[in-house]
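Following this line, the structures themselves.
The following pair of complexes shares a single chain, chain A, combined with chain B in the former and chain C in the latter.
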Partner chain A sequence: MAAQKISAKPKLAVWKFSSCDGCQLSLLGCEDELLAVADRVEFAYFLEATRAQIKGPYDISLVEGSITTAEEEERIHKIRRQSKVLITIGACATAGGIQALKNFADVDEFIRTVYAHPEFIKTLQKSTAIADHVKVDMELRGCPIDKKQLLEVLGAYLIGRKPNLPDQSQCMECKLAGTVCVMVAKGQACLGPVTHAGCGNLCPSFDRGCYGCFGPKELPNTSALAARLGELGLDDKQRRDLFRTFNTAAAPFMKESLNYD
Partner chain B sequence: MTKAPSVSTTRKIKVDALSRVEGEGALDLHIQNGVIKDLKFRIFEPPRFFEALLRGRDHSEAPDITSRICGICPIAYQLGASQAMEDALGISVTGPLRDLRRLIYCGEWIESHVLHAAMLHAPDFLGLDDALQIAKVNPELVKTALRLKKLGNDILDVVGGRAVHPVNLKVGGFYKVPTKARVRELIEPLKWAIDASRGVTLAFGGFDFPDFDYDYTCVSLRHADEYAIHEGRIVSNRGLDIAVKEFPDHFLEEHVAHSNALHGMLREGEAAYLTGPIARYNNNYDQLSQLAKSTAKEAGLGRVVTNPFKSIVVRMVETVYALEESLRIASAYEEPDGSCVTVAPHAGTGHGCTEAPRGICYHRYQLDDAGLILRATIVPPTAQNQKQIEADLRGVVERNLKLDDEKLKWRCEQTIRNYDPCISCATHFLKLSVKRD
Partner chain C sequence: MGKEGDRVQAAAASVAVIAASEGLDALLKLLQRGGYRTIGPKVRDGAVVLEDVSRADELPLGLIDDQQPGAYRLSQAKTPAYFDFTHGSQSWKRYLFPPKEKLWSAQKTNKGFEVQHDVDAPKYAFIGVRACELNAIAIQDKVFIEGDHVNTSYRERREKALIVALNCRRAGGTCFCASMNAGPKVERGYDLALTELTGKNGHSFLIEAGSEQGEKILAKLDARPATPADLKAAAKAVDQAAQSMGREMPKSARKILSKNLESAHWQDVAKRCLDCANCTLVCPTCFCNTTTDSTSLDGQNAERWRQWDSCFTLDFSYIHGGAIRREGSQRYRQWITHKLASWHEQFGVSGCVGCGRCITWCPVGIDITAEVRALAKGK
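Then we have the complex of A and B:
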C-alpha cells in the first residue's frame, strides 16, 4: 500500500485527549491548503481523517485536549517519547479547557449529577494542561485555535524557521484593526486587555466584549482590569465567572477568579 | 490473507480507536459457532460534565459554554441552548433574525455533511484509507468537496464570525447582524455549489451499497412550513407528534455499563430509534425542494430509505437543499433594525430542540429569579442513536459472518460511520474488538 512506503516527508500525528474536536477540525478546515499540506507532510496518525496508522516516532505531534483520566495521563507520556516536536493545540491542551471548571468542584457530586451509575465513571479530580505532565515545545492558543496560526507553525517547521505568532494583547488587535473599544464606548465587560492576541480581533468587531478564549497574555494585569469591571457594575460573581471559562486553569485567570469566590 | 473464519471457532474482533469519526469509541464483538454472543459499542470519550458545570452560570453563558461540547456542530448547541432560554423567558425570535439563524444552521449542515460524506465516509465505499487517497485517483472530486465544505464554513464565518465556535450568536438573536454586502457575496458561490453538490450526490449514488435494510422508527423535527432544521415539533413515522417540551415524557436515557454515553430510547417498549439525515428524509420528504427530490431520485433513492449505508447519499441531498435554502435567504437578506430581542431574566423552565447534522439535539434548563441556571439537561443525537447503531451492527455482522476478520472489522466501522457519530457529543462514544469462538 502506498501509505507504507518509506517517505522522506516529515511524519505528522494528531492526538486527542479530553476535548470537543474543534481544534483538530481546524486542520481539516484548511480547505484551500489541505492538499498542499498533505504534499509536504505525511499524516502518520490522524484518526479523525484516516484509517491508516503509521508507527512512530513522529516528527511533529499536535496534541488536542486536556488530561482528565488516568489512561490519558499515561498516554501523553508515551506520545511524548515518540515525538520530536510536541505542539499543544487549543485551550484544552494548553490550559485545561472548559472542563477544568470541575477543578473548583466536588467531582463525585458532578458524576452523580450527570450519570445514573457513578460507579461506571472513571475520571481524575482535575482537568490539567498537557504541560503539567510532559515537556511541550510550543503552544497554540484559542478555543478553537486559529487555522492561520496552525498553518504558520507547520510552515515554519517545514522550512526550519521560528514561527511568527503575536504575543501582544487582544486590545492591540483592536487598535491595529481600528475597532472601537467596546469597554470605553459602550461600557461592555471585555477581557481584551489581558487576553492573548491571535483570533483576528473577533468579538470586539462583533460589538461584543472579548471572553478570553485565547487565554492570558504574558504578565496580564488582571487585578486592574477586574477593578475597572467593578466600576462598570459587574458584581463579584460576574467577575469571577468572566475569568472562569475556557482557560480557567491558566494561572493568571484562575488566581484572579479566586479573588471573587 | 487473513485467516478464513471457520464456523466452529471463536472469533474475537476488536476495533480500538475508531477512525474517521469525531471523538473516540470502540466495538467489542464476540462470535461463537457462527452466532453473535456479545456485541458492545463503547464510548470512551472521557466525560466533561457539561450539565454539572453549567449550574450557577448565567443563562446568557449557555450558548458559548455548550458549544464546546462539539466543535463539529456548535450551532446545534448555541441555538438549542438559546431557544431553550428564550422559551424559559417567554420570547421568540422571528423575521430576519430567524432567517439568519436558519442561514447559519444551513452553513453547519453543509460543512458537516460534506466533511462526513466526502472526506470521512466515501473512502469506505472505495476501499481507501482516507480522502487523501481519493485525491490521488480523483482529485477533482476532492477539490469540489473541499470547496463545498469551505462554503459552509464561509456562511458560518459571515454570520457567526468563525467556523468553529462562532461568537455572534446569543440568547435573543445576534450581537451584530452581518452587512448586506457580506451576505450578498455568498450568492455567486452558492449558485456554483448547488450544481456542484448535485454532481457529488450523483457520484455517491453510484456506490455499491452493502445489502442491509432496517425498519427504523424515525424521529425528527417537523415544521408546518419548511423542511425542519432549527425549529419544529418532534414527530416519528409511527405517529408520534409532540411539542419539544414533551420530549422527556416520551424519551429516556439509560446509562449502560460499557459506555460513558447515555443510550437514548423511546419510553414505550424501551425501543431504539433513529434520528438524523435518514429519519428527516423519511419523515419530511414532502417538504424538500423539487431539485433535492429530483436529485435524490436520480441518485437512486426511493421515497423512503431503509438502507443505512445510503445515508451518505441522503446527506448530499440535504446538502443540495441547504445550499438552495442558503441562496434563497442570502438573496432576500436585508439588514434588520435590531440584532436581538432583549430579555429581562426571571425564573422559568425552557426547552429547545434543533436538527443537528446528526439528528435532534434537545436542551432543557431551569432558571432561578436572577436567570442563573439551576439544572441543565442536554440530549445529543449520537447518544440517541447509540442503541440503534448496536442494532444495525448486529444485523450487519449476522449477514457478513463469512468475511474474514479484517474485512468484517472494516464493514463494522463503515456501519458505525453511517451515523457520522459525533462521539464528543455523546459523552455525556470506538475501539472494535471481535472474538470468534
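Then we have the complex of A and C:
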C-alpha cells in the first residue's frame, strides 16, 4: 500500500463480521486523535459512529470479525471488490477469533444443545479468518487491537509510508520497556516468546504472563515454549488451553494445542 | 579487560573507609548536590532493577539472588549487606544507550520544514557498577565512540557519567566473569570503587578513588584511613566471589566457534531456542539498533527514532529479496559467533564479559557456556 496516489480525502469504511465490536470501538476510543483522523479521511461507512452510508469504492476498508456464515462468505468478496486497501483488524478477522473454538468440536451437536430452535441457526462448521477468503493487504493483530497501532497504520497510509508493525516477540516489548520477566522471576506461564508484539507490553507490566492476544509472532517455536511450560508445572490441559484462546485457529497455536488434546 | 593486577594501594589518601549507611547517604547527597542524577539498584516486581536512588535506605539491603538458567529469585541473606545480590536483567546500557531515543524531529513550515535535534543527556552517577559492567561499558565505548562513526548522544552521556564501581563479594549463579578476565575485581574505568565490609568490626565500605574527580569526592566524605586489616578483608571478599563462581567459558571459545560453523549442533539449539531476543537485549554489550520513522496524522510533524534491535528477528537480516537468516539455527549461530569469535576481529576483544544475563533471562535457560562446550564435543 506504499506510494500510491491518494485522493484528497480518502474514503474509509469499517465492516463488521462475526465479532464483538471491540476493535471498531478502539477506533472510537481514539478520542483526541479521532478528530484528526476525521479531518483527513471521510467516514464513508462506519455504523458504530455514523448512520451516513456513502457508496463505494472505498480507499481503505477496515474489516473486523471472522467468517462464520454463508452470507458473510459472500459479503466479504463484495467488500474486497470495492476496496483499494483491505486491512483486517483484530484476532477474529486475522485468525478466526475465540469463536474458532468451535473448529475443534461438532457444531451440530453444539447447536442442538444450546438453542431451543436449532432450525433457525445457520452457521458454517468453522470460523475462519478473512484472509482464508479474500486477499488481505495488511493485518492488525490483537484482541482487541491496539489503538496506537491503528493510528500508526492510518497515519502511514495518509502520508504514503510503510507502517511500523514489527512481527517480533512480545519479549522485545518487555525488555524495551524495562519490565521484569514474569516467567524467569516468578515462574509464571507466559506466551510472550511466541506472541506477536504490538499490545505495548500490557500483561507482563501488570505482573501477568502474556495470553497471546496478538497471535503467533514470526516463526514461533511453540513446542520449545510448551516444553518449558511443562517444566514450570503446567499439565497437558493447561498447556492446551493456553494456546486455545483468541487465536486458537492461527496455525502455529492450533498445531501446538492439538499436541495436548 | 586486564589481568589480575595489584590493587592501587600506594596513595593512602585514595583508599579510605566510610560507615555503611551514613557513608552511602553522604555520598549520594554529595553527588546530587553536584548535579548528578544518581542511579542504582532497587527491587521492583521481584528483581533488582536500575532506577533513581536518592537515599541509602532505598537500596535493597539484605537481599541476595539465586540465578539459574531461566530462573531468578530474590531472598533474604543471613548477613544484611547492601550489595550482595548481583545484577538483575538490566544493565547500565539502559542509561548510556537507551532502548528508545529520538534522533530528530521535523516540523513543516511555510518555507519547507525545520529540523530539531535535542540530545537527552543527563549527568548520571551510577552506583554499584560491577567489574563485568565496567568491561561492558568499555566495549560499548569501542563500538560507539572509538570507531569511525561516533554515536554522539552516547558519547555525551558517557563523558558526563560518574562511575561508583563495586567489587563483588559473591558470584551469582550464572556468572563467569573470571573466565572472561572481566571480574570480579574492578580494575579500571571508575571514579570511585566500593568494597562492602561486614564482620566483627561492623558494617562499612572500603572506598577507593580511581580518578581525579573520585579523589575530590572522597576528600569531602567523612572517612577514616584504611588499615591493612581493611585492605585484607576487602581482598578476601573479592577472592571469595572469584572462588564461588560456578561457571566457566572454555578458554578456546573463539576457536571452537570458528571451527564449527557447519556443526549439526546448531539444529539442536534451534529446537530449544525461541528466537525471542531476550539474550541480546539483556546483554550489556549488544549494541544493535534500528531506526524507525513516524509521522503525525496531520502530516505536519515527522520523527526519527532509534531503538534496540536484535539479530534474532527476521527483519534484522532483511535485505532486497527477503531475510537472509531464516532459520533459528542461523540466528543463534550469528549471535554466539559474533559475541565470542568475530567480535575479536571487529573490536579486538571478546563481546562477552561473563555476566551471565543471557543465561538467567533466557526463558528456556539456554546457557552460552554449555553451548560452546557442546560444540567443542561436536555434538
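The definition used in the following text is that the second predicted complex is superposed on the first by the 253 of 261 C-alpha atoms of A that agree within 3 Å, B and C clash if a C-alpha of one lies under 4 Å from a C-alpha of the other, contacts with A are read in each partner's own complex, and residues count from 1 in each chain.
As a convention for this text, a contact is a pair of C-beta atoms (placed from the backbone, for glycine too) under 8 Å apart; a residue touches a chain by one contact, two chains touch by 3 or more.
These numbers come from a predicted model, not from an experiment.
Peer 1: Does the superposition put A:Pro144 against chain B (first), chain C (second), both, or neither?
Peer 2: After superposing on A, A:Pro144 lies in contact with chain B but is clear of chain C.
Peer 1: Looking at the overlay, does A:Thr50 come into contact with chain B only (first), chain C only (second), both, or neither?
Peer 2: A:Thr50 contacts chain B only, not chain C.
Peer 1: See if chain A has more residues touched by chain B or by chain C, and give me that chain.
Peer 2: Of chain B and chain C, B contacts more residues of chain A.
Peer 1: Taking the superposition as given, does A:Gly192 touch the first partner, chain B, the second, chain C, both, or neither?
Peer 2: A:Gly192 contacts chain C only, not chain B.
Peer 1: A:Lys16 contacts which: chain B (first), chain C (second), both, neither?
Peer 2: Only chain B is touched by A:Lys16; chain C is not.
Peer 1: According to the stated criteria, A:Asp207 is in contact with first (chain B), second (chain C), both, or neither; which is it?
Peer 2: It touches chain B and chain C both.
Peer 1: Let me test your reading of the model: by the given contact rule, A:Ile89 touches which partner, first (chain B), second (chain C), both or neither?
Peer 2: A:Ile89: touches no partner chain.
Peer 1: Thinking of the overlay built on chain A, is A:Ile98 touched by chain B (first), by chain C (second), by both, or by neither?
Peer 2: After superposition on chain A, A:Ile98 lies in contact with chain B alone.
Peer 1: Touching chain B and also chain C: which chain A residues?
Peer 2: In chain A, positions 207 sit in both the chain B and chain C interfaces.
Peer 1: Taking the touch rule as given, give the residues of chain A at its contact with chain C in the complex, in rising order.
Peer 2: 33, 36-37, 39-40, 151-152, 154-156, 158-159, 161, 164, 166-169, 171-172, 175-187, 190, 192-194, 207, 218-221, 224-225, 227-228
Peer 1: In the complex, go through chain A and note every residue touching chain B.
Peer 2: Contacts found on chain A: 1-3, 16-23, 25-26, 28-29, 31-32, 34-35, 38, 43, 47-53, 68-69, 72, 97-99, 101-102, 105, 109-111, 113-117, 120-121, 123, 127, 143-144, 199, 202-203, 205-208, 211, 213, 238, 241, 245-246.
Peer 1: Hey, which residues of chain B end up touching chain A in the complex?
Peer 2: Against chain A, chain B makes touches at 17-24, 45-53, 55, 57-58, 61, 64-65, 68-72, 74, 115, 119-120, 123, 129-133, 135-136, 139, 142-143, 146-147, 149-150, 153, 161-165, 167-168, 175-176, 254-255, 257, 260, 262, 339, 410, 413, 422, 424, 428.
Peer 1: Touching residues of chain C toward chain A in the complex: what are they?
Peer 2: Residues 44-47, 49, 70-73, 88-90, 94, 99-100, 270-278, 281-282, 292-299, 307-308, 310, 313-315, 326, 328, 360-361, 363-365.
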